[in-house]
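Report on the following structure.
Going in written order, the chains are labelled A, B and C, and every chain counts its residues from 1.
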Amino acid sequence: MRIPPRYSQILAVGLMGAATLLTLLVLVFVVVFVLGKGLPAVNLQFLFGMPRDMGRAGGILPAIVGTVLLPLVAIAIAMPLGVGTAVYLAEYTRETRLTKVLRFGTDCLAGIPSIIFGLFGFIFFVVMLKMGWCLLSGGLTLAIMILPTIIRTSEEAIRAVPNAYREVSFSLGATRWETVLKVVLPNALPGIVTGVMLGVGRSVGETAAVIFTAGSALRLPATMFDSVRTMAVHFYILAREGISAENAYGTAAVLIISILLINLATYGMMHRMLAARTK
Amino acid sequence: MSGDTNSKLVLRDFSVFHGKDHSLRRVSMDVKTNRILGVIGPAGSGKTTFLRALNRLNDLTPEIRTEGTALLDGDDIYGGSYDVVRLRKRVGMLFALPVALPMSIYDNVLYGPRLSGVRDRRRLSEVVERSLTAAFLWDEVKDRLQMSGLRLSGGQQQRLCLARVLAMEELEVILLDEPCSGLDPISTAKIEDALTILKDRYTIILVTNNTKQAARVADETAFFLMGEMVEMGPTGTVFTVPADPRTGEYITGKFG
Amino acid sequence: MKMSGEKAVRFGLMLLAFSSLASLLLIAVFILKEGVPFIIHYGVREFLLGLNWQPHKQEYGIYPMIISSLWVTIGAMLIGAPLGIAGAIFLNEFVPRTVMRIIKPTIELLAGIPSVVYGFIGVMVLAPFIRAYMGGPGLSVLAASVILGIMILPTIISISTDAIGAVPNTYREAALSLGATRWQSVYMVTIKAARSGIVASIILAMGRALGETMAVIMVAGNAVRVPHTPLDSVRTLTANIAMEMGQASGMHRQALFATGVILLCVIMLLNGIAISVVRGGVRRK
């Protein structure tokens, strides 16, 4: 039996609407559930206190410090590489066999699961280069992991800069590099920052690649060669080893709020920069 | 071989190829110092290609190559050791569509001087005032130099672009690519006025699709058609007694 | 002077541009170097088809893990793909732009929630639910599939939405002008035109599901065995690596890298397919 088009439309749209609603509800549920269970545990002592008894009691200050430092190290390494790559691909070369290979490499790197990054970081940085579980090993591993994101968003942003700006710059006697520095990069900045923030967000939430490279020491790091534990790792250990459900929820709440803030900041920054440009 | 001593630019059998297309065919001409050369011709006649070749903006398009010689003050600008960056500082370009860079009016004007390493604040301010005045824009923007150039009207933006070219200290030649095509009559008049004053200091080549504009401001006029320069001579002669019948037909509006 | 500086800049940037390719090669070399000799030494057949994983007895068969990964991934796709594609179509075609501009970032936020948090919710909410109402241990193929299905939703929605949004409006108008209803124009024209993007989103999501580690460790139960029902507890390839890496050494560690080699190969294959699907789609247009 054939369903008349009008009814099939109502049926299809209804089903798809329900699917969309379900998706949104799941998001809301995850956030509300974690915040509801976790926020009661969060107070100043929890945020700025040192953990006691493996995290069963006390605060999560070392994990917060680790969560701030590790992405910073990763960005400091990945940003020059990624933006430099994007500038090269967009400004300094035409589409050749070489750029196709480079792009293919970036695409492949983007698809590698984080556990493989963890394995690689462990065997290469931790074991072979004898750096041990530390901030630098973890930062380098994460840098490789977020590199494709930064390359892609930066290249897209650079290509979106109107060609007329480049022509004007050249016609006023600028070299290509001067044009990149003075015209292209400033105008591509919102896009580049977005890519970097996406990378930060991924680093903050990452566990598998971090736990095997940065370790999980619950101390404040003094140097790049000290092990750190991020909030995501701390949460995982508390939850997985059944150390403290209460503190696990608390850590998860802080983690989710941080990630929401990072995302909001990304949007805010993009809008402010876009507004400033047309002012 | 080369023209007489008061020729700023000398072209001999100068051709531009765009891939397999021969977009500019063996042009030979002398552009005299401190004069305005008007270049007229229908769309696709090679006017813009010609203009962009003179400060080597065509370098940015990889499939473009040139043949023949183009001399600026006797030096081949396509010579192997010629400094392109220096060339572009001496030969400025104003595009058909005004492109204010997304920065303040002040920074727009100073884009060139800063590239040349001028840092002194007082000197920079002087350059801004002098250039904007010469482009007939100073009075309109002097109180809001820190405003973004993008917020100016189209006509103001084009004058800002002119000021930006004039701010370059080594400037000798100004190339204008249909600079008034998108502008209202008043802005057009201001640009034309500026040009007639500026020719005392610079050599100007004005590509225009408006033959009347060429008649108003150009000392000499060249007529381009399908990549060839049909003729070139004093504006009065070209407009009243053209050597080639096609020139007359174009000017009187029979085609193009 | 200046031009030679330009050349130096170009050369420097070109070196930077090799960073991602170099990283990829480095990763491949080191994973393969640790894993491949083991596979050859232990025997490809014994490694891939062996039923027993007992490192203390020097037995390293990963067949149960391969099957488990397969089940969990397929389960995740069965849940995530229909929901995600339906959501993408709905958002693009039947929702006003202004609403879409709020919902799409919200869903992309879903992608930012760490996998460990999803895993924990699986443990605290989903597993008890399954145990109580469907039986079994709760931590199971089903639980892992549901959690992974949710986790891949943003990937599918985000890429599919872009693909559908890129379909020219003239296509839709042509269909509508021929008397099609909105829905007919969607499934006869829009989906066909956006097909390659949608397929790519599914394949990429599959790669993510297969590669996901921490959430799976938490909800799949981790028993090494070939599952018979979706309610069985299983251990995936990724979980196997992550759980034992901490205390493994010697042969055992090599066996884990060998597991990584298999995982890497399958995911590279999936990515290769996704990339060629996208390229093919672009070429057709």
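One rule holds for everything that comes next: a contact is a pair of C-beta atoms (placed from the backbone, for glycine too) under 8 Å apart; a residue touches a chain by one contact, two chains touch by 3 or more.
None of the values given here were measured: they were computed from a predicted structure.
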| item | value |
| --- | --- |
| Chain nearest the overall Cα centroid | A |
| Far-end chain from chain C, centres as C-alpha averages | B |
| Separation of mean Cα positions, chain C and chain A [Å, integer] | 17 |
| Separation of chain A from chain B, taking each centre as the mean of its C-alpha atoms, in whole Å | 48 |
| Separation of chain B from chain C, taking each centre as the mean of its C-alpha atoms, in whole Å | 56 |
| Set of chain A residues in contact with two or more other chains | 175 |
| For chain B, residues that touch 2 or more chains besides their own | 85 |
| Junction residues of chain C - those touching two or more other chains | 2-3 |
| For the chain B and chain A complex, residues of the former touching the latter | 55, 57, 60, 62, 85-86, 88-89, 92-93, 95, 97, 99, 101-103, 111-112, 115-116, 147-148, 150-151, 161, 164-165, 168 |
| Chain A to chain C touching residues, read off their complex | 5-6, 8-9, 12-13, 15-17, 19-20, 22-24, 26-27, 30-31, 33-34, 80-82, 84-85, 87-89, 92-93, 101-102, 104-109, 111-120, 122-124, 128, 144, 147-148, 151, 175-177, 201, 204-208, 211-212, 232, 235-236, 239-240, 248, 252, 255-256, 259-260, 262-263, 267 |
| Partner chain A, residues of chain C touching it in the complex | 2-3, 5-6, 9-10, 12-14, 16-21, 23-27, 30-31, 34, 82-84, 86-87, 89-91, 94-95, 103, 105-107, 109-110, 112-121, 123, 125, 150, 153, 157, 180-184, 186-187, 204, 207-208, 210-214, 217-218, 238, 241-242, 245-246, 256-257, 260, 263-264, 267-268, 270-271, 274-275 |
| Residue ranges of chain A in contact with chain B within the complex | 94, 162, 164-175, 178, 182-183, 186-187, 277-279 |
